[in-house]
Every structure is written in structure tokens, then in C-alpha cells.
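In the two assemblies presented below, subunit A is common to both, partnered first by subunit B and then by subunit C.
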Partner chain A sequence: MADTTARMGTDAVQADYMALTRRKRVYSVVLLAVFVALMAAGFRTADSRNAGGFWDGITHVFDFPAEVLGEAWANAARLPGHLVDHLPALVETLNIAAASTLIGTAFGTLLALLSTRGLARWPGLIPVFRRTMDVARAIPEIVIALVLIFVLGGGPVPAMIAIAIHTTGALGKLFSEVNENVSLKPVEGLQSVGATWAQKMYLGVIPQVGPNYVSYALLRLEINIRASAILGFVGAGGIGYDLRNAMSWGQGRYDQAAAIFILLFLTIVAVDQFSGYLRTQLTHGRQPREGARA
Partner chain B sequence: MLKIEKLTKTFGGNVAVDAATLSVDGPSMIGIIGRSGAGKSTLLRMMNRLTDASEGRILFEGRDVTHLTGAAKRQWQSQCAMIFQQFNLVPRMDVVSNVLHGTLNRRSTFTTIFNLYPRADIHHAIEILDRLGIAAHAPKRAEALSGGQQQRVAIARALMQDPRMILADEPIASLDPMNAQTVMEALRRIHDEDGRTVICNLHTLDTARRYCDRVIGMRDGRIVFDGTPDQLTTGMAREIYGAGADFSEAATSTEIETLDRSAAEQARLQALREAEATA
Partner chain C sequence: MTVTTSDIDLLKAGADHLFRTKRLMGFAVPAVAILYLAYIFFAFDVAGLWSRADVEKAHTLISDSYSYKMHVTRDNRTGQVDVSIEGRRNGTYDADKAPDWVARGTETVIDLGRDNIVTFGPGSRVTYAIPGYGTFTADPGRNGVNATYPPGELPGWINASRNRVAITTEAGRLTVTRNRTEVFRYFLGWEAFWFTIDSPYYGMNVIDVASHAVRGEAGDIWTAFWTNTMWRHQDVAWALFETILMAFLGTFGAGIVALPLAFLAARNFSPFLAVRFTMRRAFDFVRGVDALIWTIVLARAFGPGPLTGALAILVTDTGTFGKIFSEALENVDKAPIEGVTSTGANAVQRYRFGVIPQVVPVLISQLLYFLESNTRSATVIGAITGGGIGLLITQAIITQQDWEKVTYFIVLIVLLVMAMDSLSGWLRRRLIAGGDSGP
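Moving on, here comes the complex of A and B:
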């Protein structure tokens, strides 16, 4: 008797679970169909609006890289010289990126702390700080840079300010997400001894979130190197300016363009390796040797 | 059927397992005891090939599995199920999906990623859950279950693999005494009813005595005892745990009965003393 009821119970569980699974599968199929339909419809619209036409242009995609490589190969002997020539410009680009990352991290930290529930100095102003960060993220850095170049004249400072504003917004958002997972117990402990807001934040919160902050800031440094190279195209100096000049069609300076690409690539690899190493050191500390378990 | 020859694992300069040799001839329930750091986990992990051996061989039915790679290694792992101290389930997936993971080696990557398990497998998974008494939790997320229930889900996953051998690495170390008993009884039943070999790392002696037919004692990476629970004397246990004369089995126990037993012992001694005093 007891056995048959248990048996029926299992059948019911099986039936329920199968129904659940079937429902999930139907949802998946519907979603997939909608996705495919959207992609197909979107592609037709985009293709009809395209000036040259997608199918005519696709065969020429590799023409430009082929030309650059061909010229660079023909003048391969001059590559080392070009690499040295463009090194000062690369240093300028790196400087822009580093300065803007530092400034952006500082302001981002402040805004993040001010806009996290439970930590904020003025809880009522949280929306104000959040919208400030949204604005900083929403305006493309190239627009800010163009305005500043118009006002301040060309050079690295406008680019630095433009990237710092964007970095503040981007890091502020990431940092405040990190802050949400922070334990409030140490903060309460510091409050109990009569600490000010700044003391609570610097001594109670930052030690908890430090490794995560540094990890995000290093990632941002990589992004900012690319950004500051791009801003060179609009007259902000650095290696981007050299690249624009070298890449203009039909001047026979593609060997220089190739040299600049190589420099950029090596820089990104170096920063990636270094920040990866630093991140592991910070998040895991010194690696204890394996085999501590029984 | 299982033969381990001079299996050694070194981490840097440390020897975790030192020339372990043992053989299992037929289906049996084996407990490996020893204090933490004795190399119990490393030994099991080498058998499942989660950890590579430094030296020595593991033979299963005459086949050397020590150096298998790729698909052959994964196929061996599917035959030699592993149960972990911390359950190692996917917390955000439902219980049945976790159990169905036991079939991953048999199914294609495509069908498993899109959750297209055959109906028969789903029914079988729920039957296994029913056998372990947790079918009612089938549609819940694994993280919503208690520790003892999660460990039974892990056992169900192991059974779903239809393995030749089940390895359990401290299966009850994170559980309270009641749940520990349920889980150990489930493992024993799997051995008794299905005739599967179960090798179980335990850190408490009385659990090994109570549920296992054969006990292996490890100390500092070496196998120092291999025999039946009866052959395991208190002196031998002291040797395995590296303990002094003050060591008693009850001190390592996690069972409820032990408390009663030692309380009864205390009462008996008390009565004896009183009887002596009045005499």
C-alpha cells in the first residue's frame, strides 16, 4: 500500500518535471525563431541602406590590409628606423592613458562611494551622483575631445580630460557594483569608535574592495590606451596623429603605418601581461603551494 | 578488479601520497581513514584522474588508466564516479539537471548544452532521486536544498553515471550527525543492492567501522593499515592518527549514539565507584 502511493508520487513528479521541461523547450524554440527572424530582417534593412552595397564591398575587404602589408614588406629594411622614430609619440599616448586612468579612478571611487546605498554620505543625493556618472559615460569621449580641442587648442591635455571623464563614469558604475557586495560589519565597527565618513570609507571599505578596484582600473588602462590612440586622429597628439598621417591613401607611407601598428600591438600585449600578473597577485595573494589538502 | 601499484604524488618537495599499493578483488565497501593531510583525498583524486600521478600505476581490470588522455580519460572518469565533501553541484540549476549531468559523457555537447536529455533519462533520474528519498525536491534549485539533501543529489548524479566504482571524498564531513547517517546508509545500500565498489574517505574511525567491510589507514602519505574493522585495534588507530594514549575512538566520532554510549559509560563508572565506596 505504502509502496504504491510512493510509486504514484514518483509518477506525478516525473509528469510534472516533463511538463516543465517541455515548456522550457517551447520557450527556447520561440526565442530562437524570433532571433533568426530579427537577424534576417535587420540584415535586409542594413544592406538596402548601405551606400555601396554589402555584397559588392565584401570582396574588397582585404584590399587595404593587403596594400599596407605589401608596401611594408617592400620597405622592410626601414621598419626598425620607423619603430624608433615613433617611440616618443607612443610615450605621449601612454602618458595620456595613464594620467586619465589615475584621475578617472580617483573620481570614480569618490562617485561610487557617494552613490552606493548603505555607504553614501548623503543618501538623498544618490540619484544625482548616479545621473552624473551616466552623463559622463553617455557622451562619447571623441565629442568631449573635439570640443576641448576647439577651446583649448590641440595637444594631449584635452584628450586626457576627455578620457578621464569617460573613465570616471565607467569605473564609477563598476566600483559601485563592487561596493554593493561589501560587508557593512567593519564599517559599523568603525562607526562605533566615532569615525568620520571619510575614515569609515578609507579604512573600512577600501581594504575590502581594493583588489577589485585595481583589477577594473587596469582593464580600463588597456581600453584607455586604445582610446588615446584614436583621439590622436582628431588632433590630440600621440601616436594616433602619426598613424592618421601615415595611413592617408596614396602617400606611399604604409611602411610607417605598419610600424605604428606593431608598436601599438606590442604595447597592448605588454600592458595585458603586466596587468594580468598584477591582478593575480592582488586577488589571490601569493599562491600557496598545491597539496595542502588531505 | 582494481589494482594500484606504488602510486606516488609529489607537490614540489612534499610527498602527498608515498608509494601506495592496494588491490580490490571484488565489489566491496572500503573506508580510508587518517587525519587531514594524510593523502586520502589525493589518492582518490588520482584514481578519478582529477590529479595526475607522479609515479606508479592504476590498473582497472588489467587496463592501465594512469596515463589516459582526452576522450579515453573522460570515459574512464564517467565509469569511476566521484562524490565530494562540498557536494560540487551546480547551485543555480535544478536538482534533476544536476543528476542528468551524470550522463554528460554519453551525450553530445550540443544536446546537453540545449538541455535536450532523452525522456527515459529524465525518468530514470527521478527514479534515482526517489530511491534516495528526495524526489519531491526534483524541480528545485540545488542551492535551495540542505547539505544532506545536496549530498544525496550528488550521490544520485554518481548513480546516473552507472559507474563501475564510486569514490567518495569525505562525503559526510560537512554534515550534521543525522544527515551524515542518512548519506552513509545510502552509500552502503548502493553497495549492498547494486554490488558496486564504494571507496570512501572518512576521518572518523567509528563511521569506517560501522559501514565498511575493509579499512585502509593512511599516515603521512603511506598506507599503514589494510584489513577488516575487527583487526583495527586501538593501538593501531593511535598509530594511524599519530595520537597519544589519551586518544579514544569517541573523541573522533560524529555519531549521535557515541554520546549515549559515553554517557552510559560514565554512568556505569559512577555506579562502580559508588558500589566500591559503600563496600
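Moving on, here comes the complex of A and C:
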């Protein structure tokens, strides 16, 4: 008797389970079908609204790189000279990225501290600072840069301000997530000896979150170098500006463009590698020591 | 175990050293940062920036972004008077119509508010009664503006020469040249945002429009709004859609391309070192070339448009996803795969039931993160390749006078990115949390 009930129980459970699995599978298939349909429809729409069609273009994808490389190869002797010529512009691009990362990190830190519960100077204003970061993060750099170029004229400063604003928002969000896990004991200790808010933050919080902050800031530096090259392309100076000029000279002068492509590529790879190395040092190099302390 | 004095000294020395390095770091890092910023200050010539900055432009930009001006223009040769929004042809009133502060007739009387009255006529004469100053009169003709001012020295807000007079008051602005007399009056807001002047619904308040809609004109009202020739709501909606489309196609396309390649690059799935090495270098190469260069290269092949933008995102992100996915694959737990193998599963089933369930949450969450950030990238790439809202905003900036539109597009982009942010967060929670708690 007990045996049959148990068997009926397991049968019911099994039937239930099979029904659930079936339903889940149906959902998955429907979701997948919707996704595939969206992709296909999206592709067709994009294709029809593009100036050149996909199937015409796909055969010509390598025409332009081949042309550029061919000309670079033909004028290989001039290439080292071009590389040296464009170094100042590259330095400017790097400076834009580095300065904006630095400024963005400073403001991001401030906003993150002001918008973390438990650390905020004015707890009532936390939503205001959060919204500020959201908006700063959402505006694409190119928009601020173009508006500032109109007012301030071309040059690196509009790009620097534009990237710094976006960096402030992006890093502020990441930093405030890091701040959530901060131990409040050092802060309380500092409070007991009468420290001001700035002292509590600089001496009590920053040493705890420093490695994480630096790691995120390095990641941002990689992104910002790319952004600063793009902004140069719309008139903000640096290697992107040189690239646009080199492109506009057209056929027969692509060896300059090739040199810039090479410089940009090498820089991005080098910075990626360097910052990747530093970040592993920061996160993995620290862990044993923190573990040992605990 | 006893602690000797020398041990204590050693510990003290160690602690002192630690404090010294910490103190040094505490001061050195900010000092280096400040030194670097000082170098940037001079390298970028920030001091000289203020002399180059154009305050006038900044003023136009800001005031134009929240206000608009109405032009009342008289052609002094034909005597024709036009009333228009910002001087646009598609914002011009018909010859027999005018807003209530302009009285048409043989003499056109323009009330600028605050007792400022400008009168066109008779003939080509223009008079401007300026409260607290007097009446300005001009008879523009072939030999100049022929202006008459109230007695006394000319104030700073009147800019006068033989052929041109410009008077800027708090109420508006009057410019007189030989061929043209023009009055500007400034208003708050964005004019004709809902309906253009030629629409019957222009100037109606919300309640009136709603009552018309209830009486069966909803379709007409929508058409009038949707085909607004000044704000082009239809084109803007399409542009926003194109931007989302670029981000969507690019992100998920990259995911689809990168997943199989990631298997080839993962140590535990790809037995051949050479294949692994090649795949990884390929990912690094694609990432290193950068979206800017890919955009330029692809724009040459496919021409401007959303497809080019989508492909540029797709190619760049294939490198990034390949790297992330292969790292996720290298971190999979072996136990479920062995469990599935022990039931006699073949290779495909091993992947389907042993590997995919482990990596799918990571993949989906990465894809959704990138979907949000690519919405912003799509705006930037659109500005370069010419597609989506990025193209519209660069066009509006290039005209250097549509700052109200620039503001409108910035608001739209911010809202779009925030909406994508919430959507991706919501989907992440739904898909991943739902997948974990399910049977």
C-alpha cells in the first residue's frame, strides 16, 4: 500500500517534471525563433537602408585594405619617416586619453563617495548624484565634443572634456559598486578622533578601494584611447585628425594612412597588454596578502 | 617561544618602513597626478583657450537651446512682410495670417511686449518706440538707412553705421539695412514642436487637441504631428530605430560569430596549440584594429548606412567576445561534462547538456552589457558612417543654428541609452535568475 502510494507519488513527480521540461523547451524554442526572426528582419532592414548592399559589398571588403597595404608596401622606404612624423599626434591622442581618465577618475571618485549609502556627505542628495552619473554616462562623447568644438574651436581640450565627462559617469558607477563592500570600521575609527569628511574618505576609504579603482581606471584608459582617436576623426586633434587628412588625400597617398593605422594598432595593443598586466598584478598580486591578514 | 629585543626592533623597523612607504605613496600619487595635469595645462594651451573661445557663440547656443525667435521681415524693395519661425521657409505664416502680436495692414504694427512697439510703414519707414529712451525712425533707401535717433549720445545697445543699424533691447532686436528691415522677438520653448504653422492644430492647447481627437480627428492629428516638416518626428524615430538596430545586429551578430571561434581558442576544448594560438592572435588583432579603422574600411565597401555601422560593431566585438567567451569556456567545471559522458552521451550531447548550461549565463550577461554600451557606440559610429541618430545630430550641429534640435537629440539619446540600460538589466535578471531557479 505504502509502496504504491510512493510509486504514484514518483509518477506524479515525474509527469510534472516532464511537463515542466517540455514547457521550458517550448519557451526556449519560441524565444530562439523570435530572436532569429528579429535578426533576419533587422538585417534585411539595415541592408535596404544602407547605401551599398551587403552582398555587393562583401566581395569588396578587402579592396581598401589591400590598396592601402599595397601602397604602403610600394613606398615601404618612406614608412619609418611617416611613423616619426605622426608621433606628436599620437602623443596628443594619448595625452587626451590619459588626462581625461585622470580627471574622470577624480570626479568619479568624488561622485561615487557622495552617492554611496553610509559614506555620503549629504545622504539626502544621493539620488541627485546618482542621476548626474547616469546622465554623464549616457551622453556619447562625440556630442559633447562637437558642441564644444563649436564654442572653443578645434583642438584637444574639447575632446578631453567630453571624454572626461563620460569617464566620470562610467567610473562613478563602477566605483560606487566597489564602495558598497567597504568596511566602515576605519571610517568610524577616524570619526572617533574627529576627522573631517575628506579625511575620513582619503584615509579610511580610499586605501581599501584603491587597487580596484586603479584597475577600473586602467580599463577605462584602454577605452579612452580608442575614443580619443575617434574624436580626433571629427576634428578634435590628435592621430584621428591626421588619419582623416591622410584619407582625404585619396589614392596614391595611402602610405601615410597606413603609417597611422600601424601606429594606432601598435599603441592600442601595447596599452592593452600593459594595462592587462598591471590589472592582474593589482587584483591577483594583492589577494594572498589580504588573505594572510584575515 | 619568546620575543627577543632584536625581534621587536626588527618589527619596529619594518613597521616604520611600511609607514614611510605608505606616507610617500599617499603624497606622491596625487603629486604626480597634479604635475601631469600641469603639463597637460601647458601642452594643450588651456590658458590660451579662453582667448580663442567664442562667448557670442556660447551665448547663441545656450539661448537657442531653450528659446526660439520669431522673425518679422520686410523686403524694402517689394514691401512684402513675412512672419516666420527662425526665418525658415517651412515655418512662415501665410501672407494674410500672423500671430496676435503682429497687426498686418497698410502699416504693420509689431508689439514686442513691455511697451516696445515697432511700426513698418508708411512706405519703407520703420519706427521703434523704445520705452525710457524715445522713438527711433529710419527711412531705408538707396542712399542708406537714414536713421533719426532721439537727442543725446547713442547708447551702447545701438550699433549704427550708414548702411546698417542694429538695436538690441530686452524685448527683442531690430536690424535695418537698405534692403531689409527685420525684427526678432524671443520666446521660451521649442516652437512648432507638435504641429507646424500650416496645420489646423497649430497653437491649440492640449485640451482642445484632445477634444478634437475625441471627435474623430485622432488620425489627422497624428499625421500632422508625424509629418511635422520642422522637427521631422518620423525621420527622428527612424533614426533612433536604426541606432538600436545597429547595436542589436552588431552585438548579437558578434556573439553568434564569436561563440564557435571561442571553442577553438579555449585550452580545454581545442587540442591543437597552433589553432588556439592563431585564434587568440586573431581576436587580439581584431580588437586592436579598433572600431574607428573598421568603420572606415567597411564604409568603403558598403557605403554609408546602418548596415555598415552594424558590421563595424560586429567585427570589433567579435574580438572582444572571442576573448571573454574563451576565458569563460576555460573556467567551466569538468564534473557535469563527465556526468553527461557517463550516461553514454555523444559529443554533441556533451556540449549541449554539459557545457552550454554552464556558459550561457555568462554569455548572455556579457551580450546584454555590450548591447547597452553599443547603443552609445552606434551613435558615435553613425556620426562617422552616416546612419541613425548620430548622423542627425552631427547634421544639426554642422548647421550651427539648430541648437534646439541638438538639445532635443541629446535628450533623446540620453533617454535611449538609459532605456537600453534598464532593458538590459531587466533581461539579465529575468534570463539569468530565471534560468538558475528553474528546474
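Details
One rule holds for everything that comes next: the second predicted complex is superposed on the first by the 247 of 294 C-alpha atoms of A that agree within 3 Å, B and C clash if a C-alpha of one lies under 4 Å from a C-alpha of the other, contacts with A are read in each partner's own complex, and residues count from 1 in each chain.
Definition applied: a contact is a pair of C-beta atoms (placed from the backbone, for glycine too) under 8 Å apart; a residue touches a chain by one contact, two chains touch by 3 or more.
Just so it is clear, the model here is predicted, and its values are computed rather than measured.
Judged by the number of subunit A residues each one touches, C leads among subunit B and subunit C. By the touch criterion defined above, A:G9 reaches subunit B but does not reach subunit C. Residue contacts after overlaying the shared chain place A:A37 against neither subunit B nor subunit C. In the superposition on chain A, contact is made by A:Y17 with both subunit B and subunit C.
Once the two complexes are overlaid on the shared chain, A:V157 sits against subunit C while remaining clear of subunit B. Of the two partner chains placed by the overlay, only subunit C lies in contact with A:R226; subunit B stays clear of it.
By the touch criterion defined above, A:D63 lies against subunit C but remains apart from subunit B after alignment on the C-alpha atoms of chain A.
In the superposition on chain A, contact is made by A:R25 with subunit B only, not with subunit C.
Shared contact residues of subunit A, touching subunit B in one structure and subunit C in the other: 17, 20-21, 24. Interface residues of subunit C, counted against subunit A in their complex, comprise 33, 36-37, 40, 43-46, 49, 52-54, 57-58, 61, 242, 245-246, 248-249, 252-253, 284, 287-293, 296-298, 300-308, 310, 376, 379-380, 383-384, 387, 390, 393-394, 397, 400, 406, 409-410, 413-414, 417-418, 421, 438-439. By the touch criterion stated above, subunit B contacts subunit A in their complex at residues 9, 11-12, 14, 16, 34-42, 96, 114-116, 119, 122-123, 126-127, 130, 135-136, 138-139, 170, 201, 203.
Contact residues of subunit A toward subunit B in the complex are 6, 9-10, 13-14, 16-18, 20-21, 24-25, 28, 289-294. Taken together, the subunit A residues at the contact with subunit C in this complex read 17, 20-21, 24, 35, 38-39, 42-43, 45-47, 49-54, 57-58, 60-61, 63-65, 92, 95, 98-99, 102-103, 106, 134-135, 137-143, 146-147, 150-153, 155-157, 160, 226, 229-230, 233-234, 240, 243, 247, 261, 264-265, 268-269, 272.
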